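Heads up: the structure comes next, in structure tokens.
As written, the chains take the letters A, B, C and D, and residue 1 is the first residue of each chain.
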């Protein structure tokens, strides 16, 4: 799946919506996909009906439609972020054990998650900052991390304080080990795995600049 | 055998201090708010609550927590924008918390209902939530050993019951109801309506009546789920 | 539940149908009951609609009705013995994993099984004669043996060759350990358990005669 | 993604020698006879068959056995009044047999579909079927450790599918279909009819389309189940 690296230096970094669009392009038609809470839900806007993608929400539904508006809003029909949504023709409801059995059993093709940190070999930290006064809350994050055939992460490559979020080893508490296969950021797209991080594409930055800013061994695709 | 109760107070009668109470719902969808209110009136204390969340706003589970009846919460996601009651109790050390990954929570409840003694689960391996747990590599993949969560009582909200306790749910309000109904000694269900046996097609029953001990009709109120 | 022993010596042993009726009398109204293949199915004839008993068949149904006849026969609706049956109002269908989860999880009140041998402390042997040329076939026997809150066995007390089928230790391959709570036979009804066999009732035989014919320590109820 | 096939031959194409094939049905109820006939034509050999029984009469699974395509059968109840094909092969040592308690068979299939690595099951403890297996006492009760049964292919019969693969079944013909559909890499389903998406109420779907790879319409024939 690795093509030669594409450096897009004649433009700026991707915006959130552009990252979402870039992810949507990598989701094959006919895939079953779970989009995590927060930014990953933006990916849905770029998966038109023609994409043939079926959305799963872990609170018990396949065939989830767009967010509900006006009279469509039904308190009994929400996504995992508790946002009212709609159902599409061909949808199915099921209970929580069945929903997570579907996930844990490896039946979802792709899951898109946000992250605090991702390691070059695919470890994920996205549930807990490790702050001593934080109330721990994991939700479905750990289930999603190990459940889908492919886990994509969507995040900015650097935190607001300039710290890189792609790291050698996660310092935040882990969500899952070696589970992330692709990392989509504002500055670059990476393939992750046992061999480390491979840069597939850059945006508003050259491969060499990127390598200089990250404390992670990189390879070009 | 299923009893159709006249009131939510009758439906929750007899819950003992120290009980483990399973409470359905994901956020407000499927949350048996009226049964929780009845538990507050009923007075049981020192409860362990198993639910996906730890209460929203000041009603329902949050009100039960605020009333000081809960010793311990087992859930996947206590922290929400409106979980101030739980947050306050937790930060002041007045409530215990066990955080369980959401799918593991569902599967542990299912295991309790299905007579499974324990199961090897891949979720959480290598994370803080697996610390101290038995692990094993099976066929090249690492797993954590997880145990059943059994309830003394389950409080569930369903859409319609028939008089023999068969249940159907509505959309994503189904969530934890069906597994919790199997995992408790006494399962209490609030429904929008009770039908006659045969009114629910046997092909579409989600929870068979064998899992349902008490049913009470609570018409959906405008704003009840807001 | 143990009342003083009743010796019915003024009559002969119970027939199959009378054993079935005797069992039916011990099944409380409102019970969920599974009747094993063969003779135990006779118990259903003595559980009228007024008994309020719900029958489970492990191939995926609660609310099973009587055997189907004529136009009622539907190849998609059978009991565990593959005999066409009917559905009653309030029935429910479910798949095999759910059906046996219901059983294994202890949700059934009573299960009635046949047996080759039962031990005084409740071990059950009913799936295999141990004959070296027999093809092993267990079906749901082991699941039923450990699944219900109470397991009742229905059998003749002696085999055709005169051998007692209530024994100190089963010699046939076991189906389940210490799982039978009551044993209903043509000659007597027993409660079984860790304390051994207690005789509740006899038919066409006195307690003393019974004790003399069995190589099992007995107690009178 | 679900493909609606034009023929049973298309539906079973590509099954490889040595595959593990899960076959639904309890006796003839839910038995995908037409798919099995297609497998006989397709020619795969050295198969492991997982099914509740080991064939009835001379058709369906019995015909597959008679054609010499099966190396091993995993089932709960091979011996039936009309299982002469299996009986003959077994007695002459030409087929291997693993007998599994029926509920354990269903749960091992579910475990494969649900990503469970192994589970402690109370069924069969102290019996010959537990010999050589790991046992453990948990909370005072003894259990046997059981492992998932994963299929390369599942052959299932359902009542109706929609074009995205959602399935509903009919009465007790449901039996092993839903769990086998989750447990195989490729799930092939013969149905009486295919409907449009939305024709099956999302509340009553038993097997969601995510588990269904190929669907083929085989109208129920008079006598097909006799």
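Assume contacts are C-beta pairs under 8 Å (C-beta built on N, C-alpha and C of every residue); 3 or more make two chains touch, one makes a residue touch a chain.
Chains and their UniProt names: A, C = 3-oxoadipate CoA-transferase, beta subunit; B, D = 3-oxoadipate CoA-transferase, alpha subunit.
Bear in mind the structure is a predicted one, so any value in this text is a computation, not a measurement.
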B-C or C-D - the one linked by more C-beta pairs in contact: C-D
Where chain B and chain D are represented by their mean Cα positions, the distance between them in whole Å: 33
Chain C and chain D: spacing of chain centres that average the CA atoms, whole Å: 29
Chain B-chain C separation of Cα centroids, rounded to whole Å: 35
Mean-CA-position distance for chain C and chain A (Å): 55
Residue list for chain C, restricted to those that touch at least two other chains: 61, 87, 93-94, 101, 103-104, 147
Residues within chain D bordering two or more other chains: 107, 110, 114-116, 121-122, 169-171, 202-203
Inter-chain touch pairs (all): A-B, A-D, B-C, B-D, C-D
Of all residues in chain B, those that touch chain C in their complex: 1, 110, 112-116, 162-164, 166, 182, 196-198, 202-203, 205, 208-211
Residue ranges of chain C in contact with chain D within the complex: 57-61, 74-78, 82, 87, 93-97, 99-101, 103-104, 128, 133, 135-143, 146-147, 173-177
Residue ranges of chain B touching chain A (in the complex, touch as defined): 26-30, 52, 76-79, 86-87, 90-91, 97, 99-107, 109-110, 121-129, 142, 169-179, 206, 225-226
List of chain D residues in touch with chain B within their complex: 107, 111, 114-122, 136, 138-139, 141, 143, 147, 168-171, 201-204
Contacting residues of chain C [partner chain B, same complex]: 29-32, 52, 54, 56, 61-63, 87-94, 101-108, 147
